[in-house]
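Just below sit the structures, each encoded as structure tokens.
In the two complexes below, chain A is the common chain; its partner is chain B in one and chain C in the other.
So, the complex of A and B:
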């Protein structure tokens, strides 16, 4: 499965980004890592270009919040992205806040999986179970259609 | 008029420069006090020089910081430049400086030297009459270093590789080489007038599991690029690795090879010094622990035989340090250096041999690149992954080298990528590590290895 990943905005924190790439590779994904300092358009362009099924955006300095408000608007300009799995993780606010407040906010911005200050492998486990659940659902829908 | 002089005129004809007087500046450097030249102190020193880090936006606050440092018996004063100036955005720096001056709140993370100008800054530098080191991170530092030298700052940190690969995603590396060539030439020319201007490379790089072989190769290459332009005083540097033995081995090999390669290009007359950075990775939030770590770094610097140590503060984990905390580190470090006597001489011949072989193999691969000049050879070598810096954010960097700590916390190369680590050394490096683990546990180990001091 193809994944596009990178750090959003003017954020140059690179360490976790490299570790995400290593871990995704180890889990058998085909990774397209755009690195740090990546703008939203670049993420969606890369998804179209590679035909990725997952977009995993990360943030450390918290500026993701500002950018994420534009996600739905921007995504609507692209065709065929309805089935794209949208995931975001890292430190998702400038300053501090509770995960209970942050997660619904980001889901509202258009993300399927939201990980605020969650350990890397826990986050990637969430992605795996999300993908499995969706496969089951797709199969069920298909079967009921038949 | 030489091409360089024509370029200097263009650079200094910047709207943010208040008429640069070439003749007056040359006259100033020619007659400047020897005490302002770190190269003079290196020549006559009998102890390791202590230099903190620090920069505030306003003249007033920078002056006050320097007063604190001098009271704490500092050897070398720092002048850290704000991030807007580093990106040549003098307009924003100007605006933020005004806001800082009017509201007494710091709106910049350093001293905007170009906006203050050399006439003002020189007053501060000559008042304290201590050597000052310019700390920045600027790919195009042409205007900045002209202003610095005119102000009496006779040590310039940085280089085309060490100020780019750790800090930038896509600033063009070839441009950085050419901009730094200008810096080297200007430093070399001023060096003829008085004591030499010292150039210092930034060895810590990303400060994240960078193996000594990569650090040393980049130090040597920036040294050669500088010496070939006529610089006569150069400092190579590295930061604490996390293993005392690896630091001592790194220090021994870098000293030996710096001399060797300088002689290879007939620059054996240049003075080469060694600078050691106290731990540059993530710091403990507990300020007492931070002080213990800083103290240990000082002990290791002595074991390494560094000529200068650059300090951290107990507030490292929480942001830009106060002048009090910063001066406290200087006093503590001086105290530790004063009581460190009768150090044992430790030599690890096997490790030194392994590291020397690695460095020489990479250097040979760089020299064998078919390009016609050294900077192009180095540029190509970074582009094709012969030089690969772990955790660099730059798009040109290959990121195919993977490093991890062994049981003794030495940084080891477990995946060499395109870097020509000789097979024997590669086998030795890997033999020190447990490679039976799966990638997920290795990633967990890397996370742990990065944060070992926290």
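So, the complex of A and C:
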């Protein structure tokens, strides 16, 4: 499975970005790492060029919130991204806040999986279980259509 | 072979849309072209004695007089396929007439002009099934001379089956989403070469040279790493070549925030219909559409009636306008293919006929007006004039030394 990843906005946390790439590779994903300082349009464009199924955006300095508000609007301009799995992780706010408050907010921005201050492996476990759930759902839908 | 030895034995000729320029070790000539004559006849009439003094193998010619090739690019994203192909085309001396984002292809109008080359690009090699009937229907309505596919490998069979005479080259996007320039650049440069050879007027120039005739923008681009040899230019810089038909901008890559990683230190951008002679009407039209131009005319102490005049003063004003409009087009004031970080520029180098018409002070006055009015800044980059056409001389020598 193909994953596009990178650090959004004016954020240069390159070590975390590299760790995410290594961990994804170790779990068997084909990774397209856009690196740090990546703009939203580049993420979506990379998904289109690679045919990736997952977009994993990371943010370490709380920049994500400003950018994430644009996600739905921008994604709507693309005609073939309806099935894209959208994941975001890292430190998603400036200052402190509870995950209970943050997760619904980011889901409302258009993300399927939101990991605020969650360790990397736990986050990637969440991704795997999300993919499995979706596969089951897709299979059920297909069978009921037949 | 030393550089000076090369230079001593060579005659370098640039055939522009408006002027000929000749450079040998002991003299520099510039002549306005006579459009009632063929290029070679005109050149021999004006500079026959100089040319006759050199052997064919010692004469090197570059030309932009064939107007350059036009291209239309179909790609699937702005950030990768369209941007990469546009970058390669510009750096190969090609003029872009349009770019089409494939997902919206049905919404684009069909250009009426004959397009020299259509470029189709999109997807890394493991991502196929991208191009289908929508593309083929669109292409069926286009008029073009050449078509090249530089997208993903998986779509090659369907593309070859549905597009007649399509040339297929390796993908310009590699599996890490990086640009691969060489194959498409070579293809486009060869097309340019064939175009020159095919144009009656230009192919006769091979009567006086046994060397390949290169596109002028290609030669200028070769110069930029050597520019320190002749000028005190401080990086980062932009080079403006405001000609009779088009305006070329060559810029240090430091001036753009870009996801393109290439070996080139400099890129090129061209505005096809922005020139002070052949494209004069289009320049005036662009000027009249710019909201700051009337203030600029006031700053220059003239009115818009100057556009109707045929005088030396009118030519000067047009050239000053061209500088202003070009800077506007590449600044954040206008959203285009690229926007340069103009506040970071240390030098602006000007070449072409403009250096024979405007003084350094007249150019600096416009640049300073632009920075104050559009960028709201007191920034003042150093202006360098290439009055002796050292830019293309250096480039031609550099090319010679590379061979």
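Couple of notes before you dig in:
Here is the rule we use: the second predicted complex is superposed on the first by the 146 of 146 C-alpha atoms of A that agree within 3 Å, B and C clash if a C-alpha of one lies under 4 Å from a C-alpha of the other, contacts with A are read in each partner's own complex, and residues count from 1 in each chain.
Operating definition for what follows: a contact is a pair of C-beta atoms (placed from the backbone, for glycine too) under 8 Å apart; a residue touches a chain by one contact, two chains touch by 3 or more.
These numbers were taken from a predicted model, which means no experiment stands behind them.
With both structures placed on the common chain, the touch criterion links A:28 to neither chain B nor chain C.
In the overlay built on the shared chain, the residue A:48 is in contact with chain C alone; chain B does not reach it. With both structures placed on the common chain, the touch criterion links A:95 to neither chain B nor chain C.
Touch criterion met: A:79 reaches chain C, while chain B stays clear of it. In the superposition on the C-alpha atoms of chain A, no part of chain A is touched by chain B in one complex and by chain C in the other. Note for the complex: chain A touches chain B at residues 12, 14-15, 18-19, 22-23, 25-27, 35-37, 120-121.
Of all residues in chain C, those touching chain A in their complex are 76-81, 103, 122-124, 126-127, 173, 176-177, 259.
Partner chain C is touched in their complex by these residues of chain A: 30, 32, 34, 41-42, 44-46, 48-51, 78-80.
Interface of chain B with chain A (complex): residues 167, 169-170, 206, 208, 390-393, 395, 399, 402, 438-440, 442-444, 446-447, 450.
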